Amino acid sequence: MAEENNDEKESFEEDEEIEEKVEEIFEEREESPWKDALKRRWYRFSSNPLSLVGLAITIISIFLAVFGEYIVPYPEHGGYFHNYSDRFIEPFTTLEYPLGTDNYGRDVLTRTILGFRYSIRMSAVVLSLVVPSGVVVGLVAGYHKDTWIDTLLMRISDIFIAVPPLVLALSITAMLEPEPLYAMMAVSLMWWPWFARITYNNVSSLVNEEFVQSAEIMGDSKIHIMFSELLPNCAGPILTKMTLDAGWVIIIGASLSFVGLGAQPPTPDLGTMVAGGSDYLAHQWWVSMIPALAISFIILGFNLLGDGIQDAFEESGGGS
Amino acid sequence: MAENLIRVENLKRYFEMETGTVKAIDDITFDIKENEVMGLVGESGSGKSTTGKVLMGIHPPTGGNISFREKDISIPSAERSKSIKRDMNMVFQDPGGSLNPTKTVLDIVGLPLRIHDMVEGKKEMAERVYHLLETVDLEPERFMYRRPNDLGQGEKQAVAIARAIATDPSFIVLDEPTSALDVSIQAKIMNILIDLQDEYNMSYLFITHDLGLMRNIADRVAIMYLGRFFEVADSEVFFETPLHPYTKVLLGSFPTTTEEEEKLTPDINARGEIPSAMDLPSGCKFHTRCPFKEERCLEKEPKLVEVEEDHFVACHLVHGVDDVEYDIEKVEQVERDFEYDIDEIKMKTE
Amino acid sequence: MNMKKYIGKRLFWAIISLIGLSMFIFYFGRIIPGDPIRMMVDPRTPDHVVEELQRSLALDRPIYTQYFIWLRNVFQGDLGFSIVTRRSVTTDVRRYLPRTLELIFYASFIQIVGSFLLGIFAGSNINKWQDHITRVFSYIGVSIPAFVFALIFQLVFAHRLGLFPGTGALTRGFPIPTERTGFLALDALLDGEISTLINFIHHATLPAIALAIPGMAQVARMIRSGMITINQKDYISMARGFGLPERTIRFKYLLRPSIIPGVTVLGMQIAMMVGNAFLVEMVFRWPGFSRHAINAMLSSDLNTIVATVMIIGIMFAIINIVVDTLVAYIDPRIRFTGS
Amino acid sequence: MSEKILDIKDLNVGYKTYRGVTSVLYDLNLEVNRNETIGVIGESGCGKTTTMKTINQILANNAVIKGGEVNFKGKDILKMKKKEIVKLRRRNVSMIPQDPTASLNPLFKVKTQMKDILKYSREDGEDLDFKEETIKLFNSVALADPERVYDSYPFQLSGGMRQRVCIAMSLAAPKDLLIADEPTTNLDVTIQNQVLQLIGDILDEMNFSAILVSQALGLVKKFVDRIYVFYGGTVVEVAKTQRIFDNPVHPYTRGLIESTPKLTGGGFSAGIAGQTPDYVNPPSGCRFHPRCPNSSKECKTEKPEMVRVEKDHYVACWRQ
């Protein structure tokens, strides 16, 4: 029996044309598999105009967050500044202050743009902490479905899901000094279970799929099965949730600041500005409303983008 | 006489459910020789797929034991040695489900090569996969970097077969490999399987519910019903001179296309539904549906007895009255006067 | 009937999670550096008050004993001492919680009715104007935080149009009904003070709608997408194949399966509403427990914070179990096989 | 000439998909005479289900009818108004589904669904004793324990029982045309045989015409008078049942019969090369030419007309 196998092995080396052909495919490969997968995803993403609007809004928000301070007309209005003579100017009445001024005479447009950084940073920091940890917990618990690991991990994450996120965030931040860093930590601490839950749901439904069983009986290591076989299949739902949650985290962040547990005045945090302006709501509505609309603008962007990503990963085959 | 590649003795596999115990496999014994295709046929709930999965270690057996080249493998695949895992592999029923949708064909077919580090570096992997794709009639240029959802059902199953033979195993379990394929594509896949079996002298456990397929690939066939063997025989004997009523019923339901086939399909039908594996009928498990049912079929469960050379049957009728010689006329006579008609069914819907 | 088993299992795990939650929140409150008492009270408070506080919070004992003491007290109905109101937290809860519950109940009613009407309205004429309007509404509902809605409503309907009172639960001059159930609406009804009841509802409308909109948008979206997926199912085209009238198909065979995704999300959205109540009550100065809890949080009143988290956790668990029972009732497969 | 119950002329149907509008049915012609049972044979994706769903107008909403006529008793269904179609479904055409599990609403008991169907299918629908009528129908389809089935949910029944309930539904009222779309594909072999025998008896006892759709030629041999062979969305061959088996003319029909494994052994034919056509840009001319062993130039350019081979035996192939 063994001798025959050796003859076959020699035949591998002799086939030169196989090697040339493999070279050929190698060069041509660089673009083919990724290109058409991306093309298909982009086609489905862009078929809904709203998703493109979402993408545009998100790009604008991130641009403002990063380069805001360089393009605002009155950068010094971001800190301690007051100019009572220009107090409460109505929006759209003067070119000098296009969106009017607040109770200290500071330009509302400048402070709102500066505010973008705090909201986007909040989302970025929270998501970068929450997504990896939650996904790994969900992956490990999902793969070891119905074992003690599953019960332990998912029950721990249930603790944080037992209460609405805003309540827990408020309570935890309240116990610490009101500092944006603590707010972010509090939100992250109780947001990872949501990603653990979504990954767990996806992985636990895939674990009995035949391609996983096939990898197991061939002797593939657990780590490789989890991270290389199962995880890529959850990329769609996780990416969608990440984008939608970016908006959610901003709402939570703004709510914390609104209550006074986030960034303290005079920092131009959108939530804090909305709270600050609410005392003058009756007559000088713009002081509070403009930052509030800015928050909604960012969140709308993330929601539209998230739905677009969901469509892109939807595996709907053609009809026949 | 080729020695035994696989030996299975009194294999049992029960599944504990909330509502009771499902006896998927209820004490079966068989062996598979080198370079032999053993067929397992039966309807859903017969336990044929579970048998394949237990052999591969997806489920550990509840009772009995299995040995592969004299090494005991009655343990889940995780605990089996790498050399055994390299020497066995499996092709699954649903072509779409058995390939990872996010991987390219190169990654999928190359996975076993990587696990058993039979190649160093991407270049040699691509060459080995190139060769494997050629053996399953898939042009490597077109398919190497494709993803499963860009492949037809037949092409997916060909990729699954290429993956299964990648480590040059001596035994492959084929769990209804072509039931999801159209007839025209199924013929191509079956030809590939038969050629590979000769070329690499492998042994197959071929599982299907389609008797036509079985007849054209299996050397020996075993028919299963609710976890037990009812009849085991060489392919010709099994199809030319079937003895067990259930085998005849299955043959009778086969949709024939040629005259010669008509002769092989007795006009017998089973009655009622397949009982649930949760509460198995007493005595012979087929008595609730068997047209030739007798008193003793309800009490005693017939054993698998070697009625002829290499021809085992588990049926009281066939065994004759206790140990009296088996009389073939009695069975044929009963066949003729049983006529299926609709009113009789309506009356007796017990 | 393994319905009981199904609910029993959910109840069991809910209790375990709540206990876990109580341990977490209790422990978290105690491990922060610095003396919690000093942090809570202003420096001028006399020492004897500080000692009394320390004794009542049993801060000198090891953490887990403190936890069990706290737990024992809770079961005896004593939620500990509140720094802000200088009274037992239990009395605060009894005084303020009913207002919040009434608001939540009113908002949930609006949300359920609103989301189902919207969802069905959009789901039954897909890609027509009704569908597009609902989608725009749902994007707005999801993107604008509840407290911004509250501010907008207060600005537009209260200050500018004067249709609704902007703050508080009852206009001065209306008699406070005698305290029977603690629920203002019920007590007013029992007293026969219909005008008080109407005034109370008039006050509660704006905050209730502000609370209801975000959830309403989400649930409507789920019902709409549910109707689209179910509409493509074989059993619906079979029903059409037998010539059943469109009316029967839409409101019987299509509606029941498609509301399931909506109902499952409903539980989550009502819980989110409980969270948002904190801010909406603040904006409308609604005398509810959430607004009280905000003040307690701002002055790190540990006992009230822990009590708040536990009460809302229990409310959330009850809502989830009610929703699960509702879903199990709608879908017999869950009732019989628990899957 | 017996009156034609159904006469489909040059039917063209496609589906809107993200890759463009497909062209599935391509100049398809099919006739059913009174009290005749015809078989429709074709592999997956050949357009048989699309044709059947066009007859009683339950096509998916992304379907596009590009042209042709579907004359039922002389009136073109495609031009019927909504009310007429509903009447057609109640009084004239009924369908046995391919997958009984997906065709019964999981949230309603069998009795509720039967009641509605009886109410709207029968003229005297309003004042029927629905239970008694249903039990009578269940007995005529040999359903064991009809009382229990009447009062249970679909998921509590076995596959065979669910299909019998679907058959009972299609017999709720006397119809002119019964369509059975692969009625036994999802059933076990022995149950499959029982259900087929049952349908055979129903066709003999009741005098309506029927279309029996299947993937396997052998299955319908005993029950149908004529067989239409479908490929690539059009009819490639039609003949009396026995003639199809004795003298298959079209290369696809021959390939189909040869590739079906025989009980008498003899190994496998080479099967038919290639894959089912891609309907987004289908092969030009005869859609079988890419897989046809002896395809010539005109096969690639023009669609072959139906050519008469003998009485009642036509084939669409240039090489005959």
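Points worth noting:
Chains here go by letter, A, B, C and D, matching the order in which they are written, and residues are numbered from 1 within each.
Here is the rule we use: a contact is a pair of C-beta atoms (placed from the backbone, for glycine too) under 8 Å apart; a residue touches a chain by one contact, two chains touch by 3 or more.
For clarity, every value in this text was computed on a predicted model and none was experimentally measured.
Common neighbours of chain B and chain C, by the contact definition above: A, D. By the document's definition of touch, common neighbours of chain A and chain C comprise D. Closest chain to the protein centre (all Cα atoms averaged), using per-chain Cα means: A. We define each chain's centre as the mean of its Cα atoms; on that basis chain A and chain B are separated by 48 Å. Between chain B and chain D, the centres computed from C-alpha atoms are 31 Å apart. With each centre defined as the average position of its C-alpha atoms, the distance from chain C to chain D rounds to 53 Å. In chain B, no position touches at least two other chains.
Taken residue by residue, chain D touches two or more other chains at 60, whereas all remaining positions touch fewer. With touch defined as above, chain C holds no residue shared between interfaces to two or more other chains. Which chains touch which is summed up as A-B, A-C, A-D, B-D, C-D. Residues 1, 5, 12, 15, 18-19, 21-22, 24-26, 29, 32-33, 37, 209-211, 213-220, 229, 232-233, 235, 315, 317 of chain A touch chain B in their complex.
Across the complex, chain B meets chain A through its residues 53, 56-58, 77-78, 80, 82, 85-86, 88-90, 92-94, 97-104, 111-112, 115-116, 123, 126-128, 130-131, 140-141, 144-147, 149, 160, 163, 167-168, 201. Chain contact summary for the complex, chain C toward chain D: residues 231-245, 248, 252-253, 256-257, 330-333, 336-337. The residues of chain D lying in touch with chain A in their complex are 15-19, 22, 24, 45, 47, 50, 60, 62-63, 279-280.
Residue ranges on chain B touching chain D, taken from their complex, read 43-44, 152, 154-155, 182-188, 190-191, 194, 209-213, 215-216, 235-236, 239, 249-258, 260-261, 264-265, 269-274, 289, 340, 342, 345-346, 349-350.
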